[in-house]
Each structure stands twice: as structure tokens, then as C-alpha cells.
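As written, the chain order gives the labels A, B, C and D, with residue 1 at the start of each chain.
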Amino acid sequence: MDAHDNAKLTPPKMTAAEVSAFLVQVFPQFAIGRSYKIEETRHGFARMHMVYGDHLLRPGGTISGPAMFTLADVAMYAAVLATIGPVALAVTTSLTINFLRKPEPRDMIGEARMLKLGKRLAVGEIGLVSEGESELAAHATATYSVPPH
Amino acid sequence: MDAHDNAKLTPPKMTAAEVSAFLVQVFPQFAIGRSYKIEETRHGFARMHMVYGDHLLRPGGTISGPAMFTLADVAMYAAVLATIGPVALAVTTSLTINFLRKPEPRDMIGEARMLKLGKRLAVGEIGLVSEGESELAAHATATYSVPPH
Amino acid sequence: MDAHDNAKLTPPKMTAAEVSAFLVQVFPQFAIGRSYKIEETRHGFARMHMVYGDHLLRPGGTISGPAMFTLADVAMYAAVLATIGPVALAVTTSLTINFLRKPEPRDMIGEARMLKLGKRLAVGEIGLVSEGESELAAHATATYSVPPH
Amino acid sequence: MDAHDNAKLTPPKMTAAEVSAFLVQVFPQFAIGRSYKIEETRHGFARMHMVYGDHLLRPGGTISGPAMFTLADVAMYAAVLATIGPVALAVTTSLTINFLRKPEPRDMIGEARMLKLGKRLAVGEIGLVSEGESELAAHATATYSVPPH
């Protein structure tokens, strides 16, 4: 049994619905439930859905970098919550994003996977795709500073 | 005379006012002039001002990561425009941001400096501070794919 | 049939043995065959083996960061070669590495996967593990500037 | 008086000679004094010199990426030592390096500047130049996990 099997057997500390409710409460200015939907959480994993809107565009008719950064960052935050439970003050300490293909103007999906959960730092990677596509539009790695858990 | 002196002697291809007018035109959904102001451009340099508003906050009462990413990304775009002239389709290919200190809920300044302007790629670094502070709240490096210039 | 199936069906441009012979030729100061072994190549993929030696250590008895950087960088180069064929002058333009767990003083494996192969840039991710472990010791993303192919 | 003036007034915890002696002791496999020389330390700063040798080359007759990574990483370690004193077990947690210009086959200088010294993490940037040049050959940002200090 390897680490992946272990991860499958450990239930998430928060379901998708619980992460959503938590984000609505601590992050009211962030349009959870309308523009962003949490589709699934697992131990060490979260999948988020970003609903398309004109405000996400940049010159060239493609989704803007800041919109993709936001999706990556919040998907990672959801994966942290799913793994260690409701901690409002987990904060991003660094994020590297590579923009790989220009996404069409439609919904996007972000999948965050924990690479390491340490005592003080969580590191994960996030893949972003346009809905219905298999090739990555962007790829990010992020580090979160996490409180004692 | 070193590279810095050379940079001081080369006039920017676009003034702050010209970069602003260009961004309003190609990027209408982006609130240039209201939420973001271009304060200064030089060859290889731009300084942007992000006006504080509640929508920029995250849990803990501090400016959100996506807001700072946006300021860094747009400041770098302004520095690219100032250096090579009006090119709508310069695109960010990668960006790494380190969040260093939690910024107070007030205006922030982003200063972008070009580290390299190649034929196909521009690389720069961006320092972000809260208005009136000298210590960096965040630091980013970004790569832009640029058209022939 | 998705992108992964396509990748499985496209044969590599160079086998592991061909990549090894090429690196010995263009990169004689690099100990291919002795300290580094290419175990497998596929279209968009390469796996390298780094043989343990005392020169790889750092304080604390763990493999040094520069040794892991080297393994990540060369594994990515091997994946580029496997995908586009023998091009000596592909060069790394950027690399981000996250060190996740301190590796024991023994052999390490690096697996590089192409995330994007564009006309001018190749982007990939590289996972590093100690031999016999399943958890990542380090994770990197790298961008290579590639010649016309 | 701003932060820069403060930094100038705070003496380093270790001089260049003390950092050298410390690295020789804890890091004997690393050729301090022969291939790498610490030229200067200040509070939040270190400058290192890497002596040219054929083993640093890569195809094309330019200094290899791993050699530049090593210079950046060790310069940052020296800056950490200069700022918090002799701590063997400070470890790099992440490093992002952008390769900007191909350095000639000659000595290189790395200058590391601390951007933040927190209780658990130190973040810095490192500029690398060929000796006698003013334009950066590479630029890196690095995060170190530091013990209580």
C-alpha cells in the first residue's frame, strides 16, 4: 500500500459543501457559490470550478492571468482546508504559475493536490484546464503557511 | 557609464499617460484610472498605484494574494509597454510571487523593473509596498512573451 | 482518446541509450553513465537515476539542493531530447524547485514530464524521489528554450 | 532613516572570514576557499565569488545551470549566516532561478540580499553576474527555513 492508497483511505476533514460554507463565511467578498464552486474534496485534494464571465477576460479574448491565479490559489486553499480542517488564517507564502495555453472564454476547472503537508508549510500543485479539455491551460505550485494542526 | 546610466538616457516608448490610455482601450474590463493608476514609466520601468477597496481584502483584514498578483502582473505589463511600445498581445508566460508581509488595508504601489529584454522574452522583477512603507509586502518575478519589436 | 493516450502512442525521438550517448558526446564533463543514468524515455517523458556518492551531501547528511537541482534539470533536458530529438542548444530559461522532504543518503530518481511543447518554449515538471520511496523529496517546474523542431 | 539605513548600521553576525571558516567546517565537500570565496558580508547581504573551471561548463561553452544554482544557493546561505549567525541546519525550501544571459567562461559573482527575515522563513533574492559585467546573467529568489534565532 503506497502513499496514494493511504490518501484515498483518509477521509477529508471537510466536505465540498463544508468548505463552501466556510469560505462564504470568512471570505464574503469572494463569490463562492456564484463564480466559484467547490466540486469535490478529498484528503490532500480539491477541485474547483470557475464560472465564465466577461470580467475574466484579457486582450485577445482569453481568460486573464489574475483570474487563473485566483482559481489556483483558492483551489489550493480548499485542498488545505479539506486536509487540515477549518483554519481561516492559512496564508499563501509563495506561488509560481506557468501559463501554458490560452484558455477559451469558458468555465475553467482547478485541481489542487498536496505534495507535502508539514508542521508549518503545505506545498501543493494545481492544474488548470478549460472545461471539457484534457490539456493544461496553466500549472501552479504554491506554498501555504499553516497554523498548528 | 553602466547599464543603469544607459537606461536613464533612453526615453520610454510610452509615457504614463499613454500607457493608461492604451490599457483603457485594449483592456476595458480592467479599471485603469479608477482602481489602478500608472504613476511613472521609464525605459525598463513602471510604477503603478492600486487604490484600496474592500474587494481587495482577504480573511484577516489584509490585501488578498490575487489582488497583489494583479498589481504585479499589470505593473510588469506597463513596464513592457514603456520599453517596447504599444503591443496588445504581450502575454505573461510565468510569474513567481513571494508574499513577505501582510499589507495593511490601504493603497499599494508596484514597481516593475526589466531584468532582460530579449527578442522573444522579457523578464522582470516587481516589488510591492503599502503606500508610505519602505519594506516589501511582496516580491515577484515574471516572464512575458513579447512580439517582434 | 485523450492527450495521455496520444503520448503513449507517439514513439520517443530518442531512446534512453541514444539520449545517454548524445549527452556523453555534447556534455563530456557531466558523468553520464557513471553518476547519472537514463533509465527510460517516452514521448514527453524521461526517467533518470542519480547514483549516490559523498559529494552529493550537505550538512545534516542529506542530499544537497544543487545535486537535486542538477538531477531535475538534466531529467528535463532528457525529456526534451526524447520529444524533439538531438538538439544540443536547448537551454533552461527558468526553474523553480520546492524541497519537500530531506532525502536519505542514497540513489535518487528524477521523472520529467512535459506539460507543454510550444514552438519556442517547452515547460515540464519533474518529481524527485529517493530510490524505493513513493513520496516526493522535491518537485520542480522548468522552462526550456528550444530551437525550431 | 529608512530600512536600508538601518541595515547599514546593524553589523553582520559573521564576517566573510567567519562564514568561510564555518562553511569549511560543516560543508567539507564544498570547495570553500578554492572554488568559492566569500568576499563580503553585511546584515542581510553576502557576496560570493565562483572561480572558473572547466567543470562549470555546459554545451555551448557557457556556465551550466547547476553551477549557477549552486552559486545562488550558497550566496543566500552566506547571507542567512551573516544575518542570524552560525546555524548549520538552515535549509533551502524553494528556489526560483531565471537564466537571463549566457555567461562567458569566466569567474562569476553572486550577491544575495535578504527580502524578509521572519521567525521561521528567510526570503532573499540573488543576482549573478560574470566578473566585470554589470548585466545580470541570472536572477534567483530563494526561501530558507531557519531555526529559532
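In the analysis below, a contact is a pair of C-beta atoms (placed from the backbone, for glycine too) under 8 Å apart; a residue touches a chain by one contact, two chains touch by 3 or more.
Computed from a predicted model, the values in this text were never measured in an experiment.
Trainee: From the options A-C, C-D or B-C, choose the one that repeats interface A-D, i.e. more than half of its residue-numbered contact pairs are shared.
Mentor: Comparing each option in A-C, C-D or B-C with A-D, the repeat is B-C.
Trainee: Between B-D and A-B, which chain pair is linked by the larger number of C-beta contacts?
Mentor: A-B
Trainee: Considering only mean CA positions as chain centres, point out the chain farthest from chain B.
Mentor: Relative to chain B, the chain whose C-alpha centre sits farthest away is C.
Trainee: Centroid of chain B to centroid of chain D, CA atoms only: how many Å?
Mentor: Computed value for the inter-centroid distance: 27 Å.
Trainee: Which integer distance in Å separates the CA centroid of chain A from that of chain B?
Mentor: 25
Trainee: Mark out which residues of chain C touch at least two other chains, giving numbers and ranges.
Mentor: Expected reply: 93-94, 96, 98, 143.
Trainee: Can you list the chain D residues touching chain C in their complex?
Mentor: Chain D residues touching chain C: 26-27, 29-30, 54-55, 57-60, 65-66, 69-70, 73, 88-89, 91-99, 102.
Trainee: State the interface residues of chain D toward chain A in the complex, per the touch definition above.
Mentor: 93-94, 96, 120-121, 143, 145
Trainee: Inside the complex, what are the residues of chain D that reach chain B?
Mentor: So the residues of chain D in touch with chain B come to 2-4, 96, 98, 100-101, 115-116, 123, 125, 134-136, 139, 141, 143.
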